[in-house]
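What follows are several structures.
Okay, so chain A shows up in both of these, paired with chain B first and chain C after.
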Partner chain A sequence: MGKLFGVILTIIALVSAYPIVTHKYVQPEDISTHGHAIDEQLSDTMAESGFAFLGSQLLLAFFVWKFSERKAGAKISNIPGGAKLMVVAAFILIGTEVLALGVLGQKAWANVYFTAPKPDAMQVQAQAGQFAFYFRYSGPDGKFGAIHPDKIDEGNQNFFGLDPANDVESRDDIVSGELAIPVNREIQLLMHAKDVGHSFYVRELRIQQDFVPGLDLSVHFTATKTGKYEIVCTQLCGLGHYNMKAYLNVLSQEDFEKWTKQKISEQ
Partner chain B sequence: MRAKLVSMTAAAALIFAAALLHARAGGGTVSGKVTYEGTPAKPKPIDMSKEPSCAKQHPTPVMTETVVTGPNNSLENVVVYISAGAPDDAAPSQAATFDQKGCQYIPHVLAFQVNQPLKVVNDDQTSHNIHPLAKINHEWNKSQPPGTPPFSEKFGKSEFIPVKCNIHPWMHGNFAVLKNSHYAVSGGDGSFSLPNLPPGKYTVTAWHESYGEQTQEVTITGNETKAVSFIFKAKPY
Partner chain C sequence: MAEASVQQAHVHAPPESFIRKNVFSLDHKTIGKQYYGLALVAVFTGMALSWLMRFHLAWPNAKIAGLELLSKAGAPGGVITPEYYLSLLTMHGTLMVFFVLTNAPFAGFGNYFLPIQIGAEDMAFPRFNMMSFWVTFVAFLVLFTAFFIPDGPPTSGWTAYAPLSAVGSDAGPGLGWGQNLWAISISLFCIGQLLGSLNFISTTLDLRAKGMTLMRMPICTWAWFITSCIGLLAFAVLLPACLLLILDRMAGTSFFIPAGLVLSDRLQNHAGGSPLLWQHLFWFFGHPEVYIAILPAMGIVSHVLITSMRKPLLSAKVIIYSMMSIGFLSWMVWGHHMFVSGMNPFSSLLFSFPTLTITIPATIMTLIWLGSLYGANLQITSASLFALGFVSMFVSGGVSGFFLAQPSIDIYLHATYFVVGHFHMVMGVAAIFGILSGTYFWFPKMSGRMMNETLGKLHFWITFVGTYCIFMPFHYLGMAGNVRRYSSFVDDFMAPLLPLHKFITIAALITGAGQFIFLYNLIHSRFRGKPAPQNPWNGTSLEWSIPSPPPWNNFGGKHPVVYHDSYQYGLKGSKGDYVMQDSPEQIVTE
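On to the complex of A and B.
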């Protein structure tokens, strides 16, 4: 019976490892300049934790196989050094693993989050509110109009609380429900939440960043492939959370200019 | 002789009854047009891409409805009602229907009476959350998943209530809860008509969700039709 348990353990370990080792679940397409670093880091993490998982499961199966049918009265042998040595060894092993992941991973992480965007990056403001994203571009004057929360009038499409009657800079601001960006141009997303915590997640961009009420956060990225991709909220934000999404529309420079012209005419 | 008397009395009674009926059904009428002067804000297209089931119902984008204008400077969606001079009416039993279709409120401005049943319908393939932002009445919000039957509500006090959907931020409408049955919402040509007004002195009020309120005094003496027009000042922003 004990031997059978060892066999089952081995089968479970191998079957769970199979789809990962054979890359059965492919990563979604990567359309960003930094995405490959994130993917490599994920794959390193998977390899390291996979190795540890398989090693520990197979070792467990081996011990079950070998020692489950001990005869009555047989002598119990101890590992030299006892429990103390085992605890120290576990600390060193796990500590090294965590440190290695951290040290190797910080490069990919810092590349995305701890570096400043280039000075010529295009700034787009992203606002998350229950239960939609809205995006704002500075328009032809290159300046964002000030935000006045008391002026927010959603029925009139004034999602940001602009005051065009008194604030000239806000008159040409483009407000859009989709995030249209030019391909191969660095974008700096200035993020703020209108009400509660939300999150900006685009799988293909390998970007996931929370919106935190009261904090002005920013992320930057460069998309390398035109197309339409889904932006979803990945922080549970209320009853309409399941429905909180928008689209990232990566356009060629020419199409982006057309889009901008169209939007300016609508403001 | 006797037959003649009977027939004459009957005829008199008939005439009297007819006159009474006429007074109730007829009476004076206040009618006219609501217009604007100046430059109104440009309607803006609404992006519904996050709700594909609604977006596909609109081949061209739906425009914002806070200010809807028509030919010859006419102003739509203005509630014209008797705010003073008429007694409060009992609520009719027939429900006022507020429909959610294509992620829009139909009609954009719904006028009905205090305690009149309000029927809220969801014709969409998505959930809505109807949220009337009442200040005088009790404020509520109710979810209505697709396929659920209409529900009924009532408001006990007279109030203009903005309505929003907590799931689709662009959805915006208005309830006008009124005390009597003398009201109208201006149509595409800005026209309105308040019939069946018994003789008396009335205050006629016109209410627009962005441009505010205007009032005029009107005296009805018989079966006449009094022309009243309202001109609102439009603002570009």
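On to the complex of A and C.
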């Protein structure tokens, strides 16, 4: 039965690797300026992990095939090099991998988190609440009105708790259910949670960031391709979590201006 | 002298009454079996819940006969609602992580075999030991009650992230009394584990037989010892975290709830708390918990493999030091669960390095297991098959850890099925393989009867192939961006992944059904199995030096004396190719 184990494990290892090698299930096309670094890191890791996976599984399969249920009196021996070889191999193989992936790979993280947005980045505020996203633009005055949680009234479409009667800056704020942005322009997303934790995930943008109540976070990115992409919530937020989504609408500069004008006229 | 007096103090007469013998027993063997039994109830419940979830994901509108009887609100007409899906998910995770993966390999087998393997008559504190089980049992009942209350079971996941878990029923169904019961249950569970861990540590350090030096202890004894050190610290953090959560929920405090939250159109009357504090406290426990589940399995698998290979590992010391390194590093990695949580991005880098580094001792262990197979004469039994399966699963789950340890890749893969595949393989299924290996190996000792090997092997093949069919595709789904914890996939990009989900569901149903072969084998063998000899696998450690099942006081009132290291195989001994630990014979080396 040791031989059977060897055969079945070999089949399992090869079949498991097949969809990866043939790229059957992969991330969608990247539409961000920073995403290629993440993708590169992902494929490097896939190559190294794939090697470790196939190497170990095939070795396990082979050893079990060869060294199980041997004839009575078969000589018991040890692998040349013994434990020392195993320890040294682990340090060399994994140590290199840790260094390569860990040290070099930090660049991709740094691209997203350690570079400040440019001063001319367009600010958009995103608010996540059970179970919808809303987005707010500062309008012609370039300033966001203050949020008053006690004034939030979804029935009257006051999703952000604005107070236009007393707060001049909030009067021209544009509120939208979709995130419309111009292509090739840096966006700084100011993230605000209304009730519980949520998350902002756009696969094509290679961006995932939690909304944390009480903590105003921001991420910045530049989309490089026009089109509509799904924004989904990835932090468990309650019964409607599976259905909490919005659209990212990447528009050309002209289309974005048209969109803005139309929104202002609707306010 | 001091050692002898300590041992004398624990000699007590066997109990007479049924209740003292079988229910409120002080005997570590009975308590070990009670933990194992509780884990068995929990694992079949947890598996049934996963069946329901998988069925719902593949066929969202299909009616499940009889489910309405369990919850009218959760499954009207037998169709699972989105909130009930979250309840199933929360209860599945909680049952499996706490009541199965902690209870069976650590508290169950550890209780039964740790004292025997070190030559002790019982645990250091038998009353604490009994209390630890019964507190855990009450914890289980409290959690289970949540299925039957009008509010329904909790819906915030096994991680119970605040403020969803902290603000009460305004946040949705299951977050009222359901969540209260969860927090109370886990608090009780922590108390049980703290008592148990203290007991394991004291027993290992104080009650070892003459000649049983620390380095002569079997590897699984070491694993339980290291695990109990981790457990003592980890549950000591989760307990206060749960108590603070209870205070937030019931006493109006705001440890985890900031100001200005609006839920159900109501401004919440809380201010000043931090949701990230919960995440830090939870994962400070949560990551070491992974090792609480996997280290005992590593110990059991090493023990079983050595006996089956008829030769010692290349180095038992290296395995023990690797387990210690893993235990030590496990305290420095919790932040890798929080890369995208809004935690300072610099700390992500600091958490990433120890996470990647922990793969070094894990790889050393894997290579030692693999390298030791070279030149062995491996006996294929149900126990050794599951031990080999463990090594395979541990590698498969381990390599996906490389991805998630890197914050940049985690941006894309966080909260996808990739993560679900990773932890199910590396801590879930691998640990279960360890438990099953231990069960087939030690059942003869525990019950005095052999299990059926043909059924055991059939069980192995279904489980081994089945778990790969279930959990490998999870990684593919994650690569394609399939988000976890969704009750159905209404988003455009996830719809094309449904065929793969259906495949997984079918695999899960078949693999789950295969577990009933194990259950049948377990129960049938308990009563009808062939009588087991004292040492059916020709093992060397002390559990094989006493009758099956062991008598009261384990060694019949005698104090065993240990002469050898734990694994003297591949030798010429008077009994064959091995020399037992308590055998005074000289070891002849060729």
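The definition used in the following text is that the second predicted complex is superposed on the first by the 246 of 267 C-alpha atoms of A that agree within 3 Å, B and C clash if a C-alpha of one lies under 4 Å from a C-alpha of the other, contacts with A are read in each partner's own complex, and residues count from 1 in each chain.
Basically, contacts are C-beta pairs under 8 Å (C-beta built on N, C-alpha and C of every residue); 3 or more make two chains touch, one makes a residue touch a chain.
Note that the coordinates shown come from a computational prediction; the quantities given were computed from them, not determined experimentally.
A.B. asks: Will chain C clash with chain B on chain A after the two structures are superposed, or do they fit?
C.D. replies: fit
A.B. asks: For A:P140, decide between first (touching chain B), second (touching chain C), both and neither.
C.D. replies: It touches nothing on chain B or chain C.
A.B. asks: Looking at the overlay, does A:Q209 come into contact with chain B only (first), chain C only (second), both, or neither?
C.D. replies: After superposition on chain A, A:Q209 lies in contact with chain C alone.
A.B. asks: I'd like to know which partner A:V112 touches here: chain B for first, chain C for second, both or neither.
C.D. replies: In the superposition, A:V112 contacts chain C only.
A.B. asks: Examine A:A165 and indicate which partner it touches, taking first as chain B and second as chain C; both and neither are also allowed.
C.D. replies: In the superposed model, A:A165 contacts chain B only, not chain C.
A.B. asks: Would you check which partner chain A:G227 touches, where first means chain B only, second means chain C only, and both and neither mean what they say?
C.D. replies: neither
A.B. asks: With the two structures laid over each other on chain A, which partner does A:I12 touch: chain B (first), chain C (second), both, or neither?
C.D. replies: In the superposed model, A:I12 contacts chain C only, not chain B.
A.B. asks: Regarding the shared-chain residue A:E154, is it in contact with chain B (first), chain C (second), both, or neither?
C.D. replies: A:E154: touches chain B and chain C.
A.B. asks: Is it chain B or chain C that touches the larger share of residues in chain A?
C.D. replies: C
A.B. asks: Looking at the overlay, what does A:Q130 touch: chain B (first), chain C (second), both, or neither?
C.D. replies: Both partners.
A.B. asks: Could you tell me if A:L60 is touching chain B, chain C, both of them or neither one (first, second, both, neither)?
C.D. replies: second
A.B. asks: Quote the smallest CA-to-CA distance from chain B to chain C in the superposed model, rounded to whole Å.
C.D. replies: Chain B and chain C, overlaid via chain A, are at closest 7 Å apart by C-alpha.
A.B. asks: Starting from the residues of chain A touching chain B, keep only those that also touch chain C in the other complex, and list them.
C.D. replies: Common interface on chain A, chain B vs chain C: 129-130, 153-154, 239-240, 243, 245.
A.B. asks: In their shared complex, at which residues does chain B touch chain A?
C.D. replies: Its residues touching chain A are 41, 44-51, 64-66, 126-127, 129, 143, 162, 164, 166-173, 210, 235-237.
A.B. asks: Taking the complex as given, what residues does chain C use to touch chain A?
C.D. replies: Contact set of chain C toward chain A: 81-83, 85-86, 155-157, 161, 163-164, 167, 171-173, 175, 257-263, 265, 267, 273-276, 309-311, 314-315, 318, 340-342, 345, 348-349, 352-353, 356-357, 359-360, 363-364, 366-368, 370-380, 385, 388, 391-392, 395-396, 399-400, 402-403, 406-409, 411-412, 414-416, 457, 461, 464-465, 468, 472, 476-477, 479-481, 483-493, 497, 500, 570.
A.B. asks: Of all residues in chain A, which touch chain C in the complex?
C.D. replies: 1-2, 5, 8-9, 12, 16, 19-20, 24-28, 37-38, 41-42, 45-46, 48-50, 52-53, 56-57, 59-60, 63-64, 67-70, 74-79, 82-83, 85-87, 89-91, 93-95, 97-98, 101-102, 105-109, 111-114, 129-130, 147, 149-150, 152-154, 161, 194-197, 199, 201, 203, 206-210, 212-215, 217, 230, 232, 234-243, 245
A.B. asks: Can you check the complex and tell me which residues of chain A touch chain B?
C.D. replies: Listed in rising order, the residues of chain A that touch chain B are 129-133, 153-157, 159, 164-165, 171, 176-178, 239-240, 243-247, 266-267.
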